[in-house]
Each structure stands twice: as C-alpha cells, then as structure tokens.
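Common to both upcoming complexes is chain A, partnered first by chain B, then by chain C.
Moving on, here comes the complex of A and B:
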C-alpha cells in the first residue's frame, strides 16, 4: 500500500549530492542518514528550503558501545510518508553540537533538554539556560549511561530560577503556580501585565518530571508498554500505540488487520472523550457552565464505552506489541458502539447550544490568536497547528493502524483563535465518529494479536501517532534480553508550549484560562 | 434560553446513588485481581508477567514467599492472563481504600517442592497480622474528631504531585452530573487555606516536594490527606528514582490510601468517604 505513495525524500536526498548521500538504512517508514555534526545546520536549512519540517532533535549516549554520543534530527515532508532521520556522531573529546534554535525556534526546548540530560552544549543557542532540570538541581545529566537512576540527589532548597524582570511604571508581575486553582497539573506561569493586558508570559515547566526516559532503560519491552501508557494519562492508548509501533518495526512484526481496526476505534474514542471535555472546559472558562454539564456527561458516556470494550475507562492495559491484549466479540462491539448514535445526536445539540450563544462566540473569537506565520516558525502541530493553517495529521501523512484504508478529512482554519481551536475539535469529533463506523464495519474476524519474537538487540525505530493533541513520537533502541536501551518520547505538548506564550500576548489576564485551555497541553507529557 | 431549559428537562436525572446503592459497573470492568492463595500451586508465571512488581515471589530455604501489594497494582490483568491454573481471577472489586497502607499487602508462605511448585500454604498475612486472627478488625473505625468536624461538609484541595494526569481525569469526573460530588456536601476549592482535605496524586516528584509540603502547611487543622493511585501510594510504575520521592507519605502524613491506576470515580468517592468516617473500610478480597 505504501509503495504508490509519493516519495519526495528520495529526490531531495539525491539532489543534494554527496552531503547527504551516506544513507545508512531505509525502510517503509524511515530513512537514516549519517553526517558530521558540523554539517547538520546546513543540511537542516537545505531540507527546510525543500519543504521539509524539522520535527525533532534528541540525543543518545553510546559511549560504552562505540565511544560516541549521537544527535538525531527528524524531518518529514508533506509528499512522503516516511520520516528522514539525520544522525550526527559526537566524538568523545567533543562536548558540543551546533544549535539551530535561532533558525528553528521549534528546537529551542529540545536542544536545551539535550544539554540538561546529556551535558552536551548546544553551541550558539540563543537562550542556553536549563529547561528540564530546575536551577536548584545539582550538576547532573540523568540520561548519561553512567548516571544511575537511583542516585539520591541532595535536598533541593528554594527556588533559584531568575525570571526576566518586570520593569516600568504600572507594570506588574503575577506569579501563578505550580499548584493551580483548578484541578490541573502543576507548572509555573509568570505574567508581566500593564493593567489588564498581558505584556509577556514566562513559563517554567518540568515540575512533574519523573525520570520516565531513564526508567524505560530499566524495563523489558513488554513491561515498558505500561510505562508508555503512563506518560500522559489522558493519552494512554495513543502513547502505548506509538511505543508498540516502534517495537513492531524493530521486531519486523505485522499486526493482524483486526487489531489495526481495534486500535483505530480506540484511538478515535480517546480523541472524542478528550475533545468533548475540552469543548466543555473552554466554554466553562467564559461562563457557559450548563454546556459543560452536558459535555462532561457526554465524556462520561465515552468513558463508559471504553470500559465496556476494554475493561478500562482510560484504555489502559489494552494495546500490546503485536496487537491488542484481548479479543472482541463482534456482537458486543456493535451493541456497545450503537451508543454512539445517541451520543452523536446529543453532541450536535451541544454544539448548537454553544454556537447559538452570541456572548460565548464574542469571548472566543479573536481571543488568543496564533497566526499561521507564528505557528509555522514555532513548528506548532496538532489541534493548535490546524487552527492556525498548518495542515498536518499523522493519520493521513504517516498512516498507521487502519488509517491507510480510511478516508480522513483534516479540518484546517487560518484565524488561529480560541474559537477555531474549539472548532477543530468539533470537526474532529464528527470525523472520529465516521472513522469509528468505517473501522467497525470492516472489522473482520481474525487474530487480535500475534506473539512478538524476542527483539533483536541494538536495533532502532520510530513510532508515531496522531494523539488527540497532535503528533506523538517515540524513538526506541533495543538492548539485549528484550530490554530498552533508549526511548525518546515526544508528546505534542513539549512542542506547543511556546504557542501559548505567543497567543496570550496582548490579551487580558481574565482570558488566560480560556486561552490556555484551548491549547490543553499535558504537563506530564511535557515533563515526563 | 428556552432551548437550554428544554435540553435540561429532556436529559432528566443522570446522577448515580453510590454509595447508597451499589454502582452499575460494566461486566468487563477490570478491578483488583484475586488470588486463591490456599490452592495456588505455582505463582511464578503470574509474578513473571506482573509489570509493576505488585505481585512478586521470593524463594529461600525451601520456602516461597508470595507478596501481593495492592498499593502497587495497576489492575492490568496480566497476572490473570499468565496463570493457567485458575488461581488468579480479575474481579470487579474497587473499594480498596485503607487507612493503613500495610493492609494493602498480602503475604503468603509456601513450601516449595523439587519441581518449583508450591505445596502447602504455611502462613498468610495481611499487613503485619496473620489472617486468621484479624476478623474482628473489620468494624468501622471512625475518627470521631474528623467525623464531627468534617463529616458533613468537606472542602477538598487537589494536589498533583507528579501524576501522569490519569488520576486527574477521574477526579475531574467527580464534578460531572453523573457523580456529582456536591450531593454529598463535598466540593473542590481553589486554595489550600479553604480546604479540609488534600487529595494528592503522583509519586511526588522532587520538583513538587516543596510545593506539596507548603500546600500541606497552608491547610488549616483539622485536615486529612488522601493519597490517590498506585503512584501516590507506592511510586507506581515510576518507582522511587532520582526525580521522585516515591510516595506521598514520604512527604506528608497520609490518612487514607486509594489504590487504582487510576482509581475509578466510585473508588475515589469510597476513599474520600472512608477518610471522613462516613463508610467502613473493606478487607482485601481473599
């Protein structure tokens, strides 16, 4: 099926001659190319000029194996369903890599993560301060292989982070968090305000960093699935699936078709329950509480369906390498999914209720604007990207599960305000309902999983899923005995926080909650 | 306006009666695993399959000690799938909250035969108590002071001390019209200074340790603390590591522990009411 898809990356790579010609490996899903670190910025600039998006950058400590650290640069092109990965080796006596954050702001946090986790310096980074390790941490680099996960660090005392000062007459600073007023995750926001309008916002994340990438390295692949499910609890199934896809590629395992369809149905149910909750939360933040009462009831209905299908409201312990853990009874599935018909009717009524409220529209329209240029520069993806003109969706662009056999409409808006971020969710809920029906109607009988062979050591692969927030990316390298040597996890939240900073500027403080909610990012997914 | 009212009437009453009436749960809901310890001949496959180490075995000197820690369990069902003997069953039990964390742990000692299977059950402990002797410990132990002061109306401050946000998904659900916490006189508040109870999730990251402590100190007496989920009780799948403290009770005193990953809203309700002395503690299924 993948063979008749466009393969623009081949052309792009061959056009650049020898610079990118040292192709390492190539598969149906990924192309790897080796290059010297010094050439990476030029290669990235070239690829971007050829229409590629710079998706991610991350590192790996291979000093014990071959005396090198490696930096990986991941790219995609709209006309190619594969990912292109450039790999740069860093010699032992070298402790730096060239920064591209000035040209590609989307890499800002990721490069600083490499500094924090590995102690490699991002040369020329415009703001090279710590991002993942707070300032009160000692000088440690937890993802180095010689750092033990149980290292007991000395007690941290006090906050030492220095925020950009807020100067000027009548200008104030409003610090918020890490413990917030609502039931949300912790993070620190520092607003500089002149009266009501926000001049700028500074973020401090990683309050819920719990060593997840390091923890992967202690687990066998089978157990690690449960850890992937706990990266961001509201996206358990998407994270678990992305991780399993990487393992399946490494193991060369074909997931049976029924399992693909089951995964598709569950991925879409996860999208629906979160989108419905967010729609309700957005209108609550502008005072439309009764609409949220209906929305939260509808979310509860999807969680009930989840439990009926899988035993778990949040779809935990369902996906596994090779398929899904338990078979489905065809009749039980149709009976359960029949509840989506009244759900859809009620969802439409909810949307009508919201859209017929002029005061709600008035608060959401032109609020928290992220224009398409900003979104492109910052590499904003997912719901927020599509509300700001960025037409990407992993389901369509890098098909997985049953998506290559399904028609997917991707909603895209240009205005980039809260209203459009809500509208993208409304459109996507409707699309998800169609996709579930289509996936269900083709659900043939057959195996729900194949058994995984022991994974070969020292192999690597990507797995990616369009979670309800956006692109979730896993990069996994195996170790001996079915263990994980390295697992890079990129939740879309990590990518999209800078969009919140941009979008709030010039808005009034009372609109911050609704703007923040319209992005609805995962702190745990960011901080891991 | 008329439309909104009509929708309200059309929707009717959706709120459940739990805990006054038993909850309606899906047949497929996966609650706590149950172990037929007296007739269990081989715990090895189940322990091998357990991803968290909640179920573990230790062999020494012809003896096998099987330990099951419901505070670490994520109810994944892998033990049940791996054990072919029928000694492990997934149940729909979720009312697992306890006041004493030790009571979440069952320990069984067996003689081991030459082929590695278990022969007979020598001893069974729940927490530190041998199981035969503690049948009387079932009765409702009410914290009188807490019950009188907080029993009828309660303000909760939720603190995420490093969870994956799964627990938050279920805690938020308590406010929806189906669970409607307020019908029980319980509500969430924005500040610890207005709170009677802290509902704490997560393995407590090093970066949240101080914030949790400050939140605790800011909460007026009398106060109760409830640790939510496998992570809050035991560090869960994350465990204790360079970035986590590994349990809520390592940082602040905890009155009630609610197992689950995440605990379903009924289980949260059960634990909260247990902390208030409004319902009784149940014993682990045996």
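Moving on, here comes the complex of A and C:
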C-alpha cells in the first residue's frame, strides 16, 4: 500500500537542483538531506512554497564524534508519506544557527530550546529570551555531552522573568498560577485585561522540566521505553509506540501483523478515554456538570477495558520494541471489546444531551476562535488544527501500526471555536470505535512480538504517532551497547501552546478556562 | 414583650441552625442528579465547625475593612432574617418599612463583601467585586419592583401585614401580577444566591468565579461567618418567596399544634423551592458573564409587568 502513495518530495527535491541534492539516506519513511546551515532558511522557504509543512527543528551534539553540532529540520508534504529531514552542520568555532522563527512562528519555542540546551544562538530570533531553562539557572547547557547528568549546580539567583508591561487607562494584569486550584500541573498565565476582555496573554511553561531528553542518553533502548511512556502520563501508549517505532526502524525489524493490530486497538482506546474525559471537562467548565458525570463514567468503562486487555488501566508497560509484551487470547479480546457496543450507545446519549443543551452551545460556539490562517502560521496540529481547517492526521498521512490497511475519516472544521474542537473529539471517538472494530475483525493469530536484535550503533530514525492530542514525534540516535545517544521528544503540547495565546484574545476572562480546556495540552509533555 | 423576645430568640435559632441544612439539601440533590452520593446533610455544619476552630491568615495589605466585613455581613443577614415571617404571620421584628429594610440590609452586607474583596488588592478579589456589583445593579431594581408589586396588593410594605393579607386570599398567587412577580423573584433568587446559570458555587476556577472570588482571601472563622451568611441569605430570600406567595400554614394564632404544622409546612415549602433551584442548576450551563445582565433584565421586565398588571387586572386576579 505504501508503495502506491504519491512521492511528491522526490519531485520537489529534484526541482530544486543542486542545493538539496546531498542525500544522506533515504528509506520508506524518511529522507535525509545534508546542507550548509546558512542555506537552511532559503531551503525552508522553498519547501514551504512547494506546499511542505515545517514540522520541527532540533539539535544534536556530535562534537566528540565528528566535531560538529547538527541542526535538524523536519518537513512533511500532504502528498508524501515520508518525512524530509534537512541536516545542517554547525562548525566547532561557530556557535550560532540562522533563526526562522520570524517566518515560521511554529519554530519559536523549539529554537529557543536549542539556545537553552545546547548554547547555540538562534541568529535573528525575534524574542530570544530563555524558554526551557528558567532564569534561576546559571548559564549551563544541559544537553551538551560535556554536561554530566549528575552535575550539582550551585545556588544561583537569576533575574526574574520579565513580562511585557501592561499599560493604559483601566488596563490591569491578572497573574494566574503557576500553582492552580484544580489537580493540574503548573504553568503561569499573565493576562492583560481591560475590564473583562483579554487584551493579551503571556505564558510561562517549563516549571516541571525534568531533563527527560538528557535521561534518555543514560538508558538502554529497552529500558528507555518506560521513560518514553512517562513523558505525558495520559498519552503513555502513544509515546511508547512512537519511541518503539523509531527503534524498530533503526533495527530494521518488521513488527508482526497481529502486534500492529493490537497496537492500533490500544492507540484508539487511549484516544477514546482521553477524548471522552475532555468532552466532560469542557462542559464542566461551562457549568454543565451533569454531562461530565456521565462522561467520567464512560471514561471509566474504557479504563476497565484497558485493564482487562492489558492489565494496565492507563496502558503502561504494554508496548515494547518489536510488538507488544503479552499475547492476546482472541476470544477474550472479542468478549472484552463487546463492551464497546453499550459504550457507543451511551456515548451517543451523552452527545445528544450536550448538543440539545442550548445554554451549553451558547457558551461554546464562537468562543476562543483560532482561525485557519492563524492555525497554519503557528503550525497547529492535532485536534485543534483539525478544528481550524488543518487537514492533517499522522494515521492517514504517515501510516504506522495497522492504519495503512484501514480507512480513516478525518473530521475537519473551519470555524476553529471551542464547539468545533469538541466536535472533532466527538467525531473521532466514533471513528475510533469503527477503527477498533475493523482492527479486531482482522486480528489473526500469530506472534505478538519479534525479539529485537541488538541495535546497531550510530543509526538514527524518526517515529511518529497521532496521539489523541496530535502528532507525537520521536527522533532517536543509537549509541554502542544498545544505548541511546540522543532522543528528541516532540509532544503536540509543545507545538500548540501558542494557539491558546491567539485564541483567547478578545474573549472575556471567565471564558479562559473553557478555551484552555478545549486545547487540553499537557504541561509535562511540554516541559519534559 | 416576653412573647416578642421569645419569638426573636426562636427565629434567630431557626435561621442560624436551619439555613445550613437547606444548603446541604441542595448539594445532596445536586450530587444525586450527577450520579454522586454527596457528602451528606451534615457537611455544612461540619465545615462551619472546622473553620471556626482554625487559625486565620490575614493578608498584609488588608485594612480594617477586611476583618470587619464578615461581622457586618453576618449581622445584617441575620437581622434581615428576623424581619421576615417564617412560621407565624408575625415577624419578630419590623424596622423601617419592613421589606425595604430586608432589601437594604442585604445590600449593605453585599457592599461590605465587595469592599472586602477589593481591600486586599488581589486581582481575583477585584474581579469578583466588580462582577458582583454589575449583577446586583440589575438584580436589586428587579427585586424592589417585584416586592412593590406584592406590597401594593397588601397595601403595606410591612412583611407581617403582607403575609396576613396573603393568608386571607389563598388563591391570590394565580393572579397575573403575582405570577409575574414570583417569576422575577425566582430569577433574582438564583442570581443573589450565586447559582448556575449565574454563578457556579462549586467551581475551582478562580477566573470564572463571582461570589467565591471575593472571598478567596478569607480563612478560618471569618470564612465560616461568610459561608454561614451565604446560607442564611439563601434562606431569607427563599422564605420571602414561599411565604409571600404561598403563605399556607402560616400560623396566625400561635397555638402549639398550629406552630408544629407551620414548621412542617415551612420546611416542606423551602425544600420544594430548593429542589426547583437545583433542577434549574442541573439542566443548564452557566451563562456567559455578559449574558447574565440579559437574564436579570428579563427579571426586571417581569417585575415591571407585574407592577403594571397590578393596576390593569387588580391584585385578586380580576
């Protein structure tokens, strides 16, 4: 199936001539091209004009091996199932790389992470302040190889993070967080308001930065799976799967078909339980609590199915490189998944209840609008992207697990308000139920995993999964002895926070919680 | 004289002790409708007991207004509670024009609460106070107009006289003016007690709060007084509604058996009204803040219509 897919990237690359001709490697999933760092902005501009999306940028310290740092730029094209990765080498005596954040706002935080973690300056960045390391850190760069993970930093008093001042008659500032009233993680929101309407919002994240990307470099590949699962606890199976896919590509391992289908079923169950919880949380934030009571109950039904299938309610320790950890009994699976039929009926009742509530609709419609232009400029992905006209879904565009043999309907709306972000979730829950049934009906008996050979050193690959929030991207390079040399984790939350800033502008303060909830971003996944 | 002292003491005890139970009843029904069990009918009492024993944290920026507010609020609300007939047609006290005093005592309490919210200089307190004032600016006229409608019918603003007049005309509530006034007061009740669709008393989201935002800085005994006052205010307003419009069972003679029946009927009426409020709360989402004035404008129009129809159709339904 994959071979029949269009391969637009080949055309685009050859049309560019010699500038993008230094192909490093090419596989069924990725193309790597080498280019001088100075040419990267022009190359990105060319690729974007050819219809590509600039997905990500990240760095790697290879000074010890080949006296260079590398910056990687990841692109995708709607008519190609592969990712294109441009690699720009940074010489030892050069400590800067050209910034593209002014043209591609989606790269804003990612470039600043490279500044903070690698000490490479993003030349021409419009807002080059620290983002990942807070101001009470000394000037260290933790992802450099010469920074030992057990370094104990001396106490350091840094400058306070400076927020843009709030000026004007009757304009004042409302600081919220970083510690919040609900059971959520820390993040600081600073609103500038004139009465109730919000003029602008400033965000501060990375309060729970745990150095996960550094920690990966201390672990062997099979133990690192558990770390990937804990990047964002509500997406543990998606994160684990994305990481395993990267390892499987590096090892050249073909996952057996039954394992593909098992992974598909579990990925969709993870999507359902989170979407149902979010639908409930959105209506709670407008005070329609009774619908949340039912949503919470329905989420519990799915968690019980998870437990019955895997022994883990939140699908921890289930996926492993080469497949899944335990085999499934065919009859047990179909008996367990039979519970999805009453679930679907009750889910439809819940949706009816929400949609027939005029007062709920009144709160959600035209609230927190992220219009399609803003979404495209900021590179917003996942649920929020699809509610704002951005027709992307990794399951369909870069098929993995059993998705290349399944038909996937991707819901897309243009209005970009809270109501549509909830509607995307509703549609996706229904689609997920269909996908689970389709995956289950084709579940043949066979091995649930293949054993992984020791990974070759110094190889690299991407792994990507459409988590319930959106595209989860892993880039892994192996070291000797089955270890990880570098693991870049890109959770959709990191990508989508700027959308919240845009969407709240012009709304009133009491609508912020429901707008924020409609994006439902992970603090842990952002901060890592 | 002695009878009046007894009735003052009795009603004080009734308002103080019974009001948390209405709060608990509402919460329990709400929990059941949400398929939860709820914490039980004695939770507000346990909460008050706990808060009264706790220490207080008073912000450094707070002035005397901050500490005075809970006492002013508590005293005015309790006093308002003594001005309304609960189980007998005769209220224990009658001050400065009866029902007008009730409305303004409650307004005085709210005024101080808003000041208390502003006093600490925290941004949430300011938000809450400004929202509370926006809402009460419309809720109060609606309340006044509806009250006038009732007073016109009775020929007096004294609540005891109003209740006495109402007892004599048991089907009076079917007249258009009374029904409109009741509808207006029901909306005002929801707004004044901070319930969905106007405010959400159960939310943890500071940014959406109205009443709760004003009292975020309070703790310990001060918070207990404020919470208690909120329960009492709810009971005062509910009593006003049930006894003015449905005065059945108000004991006029004061015989022991009559009193017993009055108490039972009074409790029953309050619980029915609480149930109605909970049903509204459960079936609706909270209104967008800027829509709340629209809802209260509806209440205002209803009470204006009630007043007009008093003159068109008369108090007795024509």
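What we mean here is this: the second predicted complex is superposed on the first by the 523 of 528 C-alpha atoms of A that agree within 3 Å, B and C clash if a C-alpha of one lies under 4 Å from a C-alpha of the other, contacts with A are read in each partner's own complex, and residues count from 1 in each chain.
Here, a contact is a pair of C-beta atoms (placed from the backbone, for glycine too) under 8 Å apart; a residue touches a chain by one contact, two chains touch by 3 or more.
What you are looking at is a predicted structure, and each value in this text was computed from that prediction instead of being measured.
Enquirer: Once the two structures are overlaid on chain A, check if chain B and chain C clash or fit side by side.
Expert: When both complexes are placed onto chain A, chain B and chain C end up side by side without any clash.
Enquirer: Regarding the shared-chain residue A:510, is it in contact with chain B (first), chain C (second), both, or neither?
Expert: Touch status of A:510: second partner only.
Enquirer: Is A:297 touching anything from chain B or chain C once the two structures are fitted on A? First, second, both or neither.
Expert: both
Enquirer: Please work out whether A:363 is in contact with chain B alone, chain C alone, both, or neither, and reply first, second, both or neither.
Expert: second
Enquirer: Is A:175 in contact with chain B, with chain C, with both, or with neither (first, second, both, neither)?
Expert: The second partner, chain C, only.
Enquirer: Could you say whether A:196 touches chain B, chain C, both of them, or neither, answering first, second, both or neither?
Expert: In the superposed model, A:196 contacts chain C only, not chain B.
Enquirer: Quick check for you: in the superposed arrangement, does A:286 touch first (chain B), second (chain C), both or neither?
Expert: second
Enquirer: After lining up the shared chain so the two structures overlap, which partner does A:520 touch, if you call chain B first and chain C second: first, second, both or neither?
Expert: neither
Enquirer: Decide which partner touches more residues of chain A, taking chain B and chain C as the two options.
Expert: Comparing chain B with chain C, the partner touching more chain A residues is B.
Enquirer: For A:186, select first, second, both or neither according to whether it touches chain B, chain C, the two together, or no partner.
Expert: first
Enquirer: Which angle, to the nearest 10 degrees, do you get at the Cα centre of chain A between the Cα centres of chain B and chain C?
Expert: Taking the centre of chain A as apex, the angle works out to 70 degrees.
Enquirer: Touching A:241, do we find chain B (first), chain C (second), both, or neither?
Expert: Once the two structures are laid over each other on A, A:241 reaches no partner at all.
Enquirer: With both complexes placed on chain A, how many Å separate the closest C-alpha atoms of chain B and chain C?
Expert: Superposed model gives a least chain B-chain C C-alpha distance of 5 Å.
Enquirer: Just which bits of chain A does chain B share with chain C as contact spots?
Expert: 181-182, 290, 293-294, 297
Enquirer: Could you list, by residue number, the parts of chain A that touch chain C in their complex?
Expert: Residues 172-176, 181-182, 195-196, 283, 285-290, 292-294, 297, 357, 359-360, 362-363, 367, 508-513 of chain A touch chain C in their complex.
Enquirer: Residue numbers of chain A touching chain B in their complex, please.
Expert: Counting only chain A, the residues touching chain B are 134, 140, 142, 147-153, 156, 178-179, 181-186, 206-212, 214-215, 222-223, 225-227, 230-234, 236, 277, 290, 293-294, 296-297, 299-300, 303-304, 307-314, 316-317, 325, 349, 352-353, 356, 522-524, 527.
Enquirer: Which residues of chain C touch chain A in the complex?
Expert: Interface residues on the chain C side: 30, 33-36, 123-124, 126-127, 130, 196-197, 200, 202-208, 282-291.
Enquirer: Can you list the chain B residues touching chain A in their complex?
Expert: Those in contact with chain A are residues 3-4, 7-8, 11, 14, 26, 28-30, 51-52, 74-78, 81, 90, 158-173, 175-178, 188, 190-192, 202-203, 205-211, 215, 236-244, 261-262, 264.
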